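Shared between the two complexes below is subunit A, which pairs with subunit B and subunit C, respectively.
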Partner chain A sequence: MSAVIEARNLSRWYGNVLGISEITLDIEPGITALLGPNGAGKSTFMKIITGQLKANIGQVRIFGQPVWNNRHIFRRLGFCPESDAFYEELNGLEFLTGLLSLYGYDRKECLDRANRALELVELKDVSRRPIRSYSRGMRQRIKIAQTIAHDPEILILDEPLSGLDPLGKRRIIRLIKEFRDAGKTVVVSSHVLPEVEALTSEIILIHNGKILARGDIHFIRELLDSHPHMIRVKSPQYRELARLLAAEEYVLNITFEPEASAVVFETHHRDRFFNRLNELVLDPGLDLEEITSPDDNLQAVFDYLVGR
Partner chain B sequence: MKEEILRVFSFYFFLGRKSGRTRTFFLLSSMAVLMALVIRTYRLAGHWTEDGQVVFQNFLMVFFLQFLIVLLGLFYGSSIVVEELDNRTLPYLTSRPVRRAAIILGKYLAYLSLTTVMLVFAVLLSYLILNLDAEFQAKDLLTVLRYSAILWLGLAAYLSFFSFLGTWLKKPILVGLAFGFGWESVIQYFPGTTQKLSVAHYLKSLLPQYTSSSGKLGFLFIRLEPTKPALAVAILAGIILVFLVLACLFFTYKEYLFED
Partner chain C sequence: MAEVREKGYHHWEGQLQDKGRMFWPITRTGIKLAFQRKRFKFLFAVSFMPAITFAVGVYISERLEDFKFMAQGAERTLQVNPGFFRTYLSLDFIFFMILLLMALGGAGLIADDFRHKAIQLYFARPLTRLDYLLGKAGVVMFFVGLLTLVPALILFLLKLLFSGSFKFFLDYPWLPLSIIIYSAFLMVFFTCYVLLASSVSKNRNYVIALIFAVYYLSEIARGIFYVIFRSPYSILLSIPGNLQQVAAAVFQVKPALAVPWYLSFLVLSAFCLLSFFFLRRKLRGVEVIR
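Now for the complex of A and B:
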């Protein structure tokens, strides 16, 4: 399959701050997810491929054409920016018809397309309400509606699931998958791994402005599983718990936090650790007050992957 | 291009009609009407003897020419880009199939139309309130229409200049205030060609009856060395054109970053 989006050696700085560095990649039809912690460079990359920003070095082409100031490309592209920004004076329908009118559609076609998009994001009932009265989830959905209303071939969605409740997320994920099934190219960014897993198996890991890894979700999962996990257990019998688990070969390190009556385990096998923990709770009858994972966030995993 | 400008114009004219800013500035421009009403009431009560024409001339020079059109031009012109940056709505525009120059020109025309309505409403109504009596003649109406046209030309020039300032600077309001109410006022007192480095000079040159010191605020024009009317109109048209072109060029080639 030929690449729809081609980025070559893209680099971008904001003064002395690096946005992205030497990103080269081809994106083909289907869903591609950019996964990385906040500040990784996902939004910068998306702004460059949608012609909002220029790269300091390198070039990006969509359908073989440069993007900056290319209105022919913009007709075929839908962009959902990350920021929660709107023309607050307008209602949902006016917002969509107004933006659609910029494509040159007549009044009737603007209305038809706007209504269709509102139906897809399930906001038809509130389309006459001012956007300023919308909930966070509704605002996110109207933003997605403006992305899809002109039926673009490429959708660039910057954190499209943020602010949505679980049901809203499911709806949008289903919608994005429908676009994939229709043969469109969808680029989605997120800093939440489970969200990305629900969307696609084609993932690009981005960190500190660089592509860390690219591939199938299973490959990424393996990479992540090689990262020792930290598990913090709070218990009145935290020392006894530590003694019992110290014998297990998958426990790599134990740190005590006496002031909090807690112990932090480091393990490279989470499943086996939790199985054993369950046995200990049931068998000797240990009391557990709280189990948390201090590093169970993408930033920690990325720090590990880049060897920090 | 024309069609793209019209698309942007329609969207922003509609948006502008619904915005709180339009209501605020409409109220502000209506201050002239309110003042005219107060003065007319005083005159009817016999406490104000000055002729309606003279009072309106003072309105024209102080409120409309040196305050309202500068303020409308500043706040609408500089906001063409800055409001999109401050509200983070710029990507909605710059990811649509319209040329960046069309965005500037479409918004400029939309805002010029909105501010023209405010201006003409205030000028006509305040003039009529002050002068509509038994001696009122059709030629008086022509006079006020001519005043309105001159003010409109000034509004278009300021709007164009401040549009350019908005595409160039991140925070154009302070610079705009200093230019509009500092430079434009002070420079009028300078003799010779220096005073020609202002928009106000050419507007005042189009009001020949004010070249001598007449009325309460005649001292404002003592040093006015007027430019010929035809040349003044040509220069004002040139200002509009040059700064619009510059604004379009800046917006086309410059990239805009949000604060963070």
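Now for the complex of A and C:
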């Protein structure tokens, strides 16, 4: 699949403060998540690919064309900023039609598109209410509506789930996945790891303006050989299980959780560990209630990569 | 991307607005938002009082005989000539109403965008910074034009209408051009003035205070300098003073002070130029570090 967004050696400073440094990456259709703490450079990267900032060094191309001052590209791109960016006095419909008119559509087309977008984000019923009366979830959805109203091929969503209640999050996640299914390229930024995990497994980890890692979260975890894998096993015979596995040289550490009847193993060789575990289940007939990998998630990977 | 479009993209077969008019939706929204304020509508109506009064003056000037009992001793004031139009276009009340209307409808033009962080929504669209500025400028120009250019031209037409001849036009063929030039100058100056103030802060109230403070403090500064130095050149410090000097030159009447008009013109033009560069720089600096 060919890259929709190509960034080459992107660097950007704010005076002496580094925004991003030497970022080179290709983004393909589907959902890609930019993950990093506040100040990591996610927003700077997003501002550069949406043409609001010019990189000091390097270039970003979308559909093979440079982004900076390229009006043609902006018609194919939708940006949802993190912060609320509304005229509170306007109602939802006026807000959308006003922004749509900046693309050069005539009045009727603006209205049609605004109504379609409002329907998609389930805000049609409140489209005549002033934005100042909207709840946090509705505000987030109207921001997404302005992102999609002109049918862009690329959606850039800066922290689209921030401040939403669980129901609101589920709604937005479903919406974003629908965009992916429609063939759009979606770039989502977040500093909340479980949110990103719920959206996509294709992640870009950014920290201090640099890309730390890129790819499938589980694949990245596999690459981190310097850190042992943690495997938590819950079993009524957890002490017996620990005794049997303690003899294996690839088991580096064992931690008991007596209150949960569980034991946590640390190993460098997950495959060998699981083979042996299978044998133990079959042979002495140990009962296992649950097997989980506490560090096979984004938080753990991120902590490892930034050296926490 | 052909297969992507087949998955539900909405095709647009119509004609997109041409590049040159991209600023217009911003202007339209700004005007609409201004009229959504109740106080603004009232003040907007009040601001036409001088125009109505002057229109009555034009009528009376053509019927002096009929209004002799009223116009006794005021014949000179009721004389419609270039000075009459200069008076209307440099009336303190007109300037005050422009400031008042712009405080209500113009203070938030850029300040609100900064406050609501709406700038990023504009610049993620096919819009340049110049389009944005032109869009905002259009709002101020619209209102200043409605208070200056439109009534002044109507007054001119009324004069022709009430006199029933083209004599007035033949006497002063350059007058319509003077009205247009001076009104355009006022539009440009107040646009730069209001947009500059609006870009200084995110707080609309602060901008409103600034709009009035700078204008009237400049007049106070002129007074102080005049008291100290006794020089007519102190008028160069005053915004209304400079506007009146330029008006006198454009309408070919004697200025209030013996200071070359082009100095006032240069001061105001330099202010506009600096405002433009400041605004461009300010908008280029819309970069948030998180």
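Here is the rule we use: the second predicted complex is superposed on the first by the 222 of 308 C-alpha atoms of A that agree within 3 Å, B and C clash if a C-alpha of one lies under 4 Å from a C-alpha of the other, contacts with A are read in each partner's own complex, and residues count from 1 in each chain.
The definition used in the following text is that a contact is a pair of C-beta atoms (placed from the backbone, for glycine too) under 8 Å apart; a residue touches a chain by one contact, two chains touch by 3 or more.
Not measured: the values here are computed from a predicted model.
Chemist: Since both structures carry subunit A, what do subunit B and subunit C do when superposed there: clash or fit?
Modeler: Superposition result for subunit B and subunit C: clash.
Chemist: Touching A:257 in the superposition: subunit B (first), subunit C (second), both, neither?
Modeler: Neither partner.
Chemist: Quick check for you: in the superposed arrangement, does A:153 touch first (subunit B), second (subunit C), both or neither?
Modeler: Second partner only, subunit C.
Chemist: Please work out whether A:271 is in contact with subunit B alone, subunit C alone, both, or neither, and reply first, second, both or neither.
Modeler: neither
Chemist: Would you mind checking which one, subunit B or subunit C, touches more residues on subunit A?
Modeler: C
Chemist: Looking at the overlay, what does A:289 touch: subunit B (first), subunit C (second), both, or neither?
Modeler: A:289 contacts neither subunit B nor subunit C.
Chemist: Between subunit B (first) and subunit C (second), which, if any, makes contact with A:125: first, second, both or neither?
Modeler: neither
Chemist: Answer with first, second, both or neither: which of subunit B and subunit C does A:99 touch in the superposed model?
Modeler: both
Chemist: Of the residues on subunit A, which ones does subunit B touch that subunit C also touches?
Modeler: Overlap of subunit B and subunit C footprints on subunit A: residues 14, 47, 50-53, 69, 71-72, 74-75, 77-79, 81, 83, 85-90, 98-99, 101-104, 146.
Chemist: Please output the residues of subunit A touching subunit B within their complex, sorted ascending.
Modeler: 14, 47, 50-54, 69, 71-72, 74-75, 77-79, 81, 83, 85-90, 94, 98-99, 101-104, 146
Chemist: If we count contacts the way the header does, which residues on subunit A are in touch with subunit C in the complex?
Modeler: 14, 17, 19, 29, 38-39, 42-44, 47, 50-53, 63, 69, 71-72, 74-75, 77-79, 81, 83-90, 98-99, 101-106, 109, 113, 116, 146, 151, 153, 156, 181-184
Chemist: Contact residues on subunit B for subunit A in the complex?
Modeler: 3-4, 7-8, 10-11, 14-15, 18-20, 87-100, 252, 255, 257-258
Chemist: In their shared complex, at which residues does subunit C touch subunit A?
Modeler: Interface residues on the subunit C side: 1, 3-4, 7-10, 12, 14-19, 22, 25-26, 28-29, 33, 36, 112, 116-128, 286-290.
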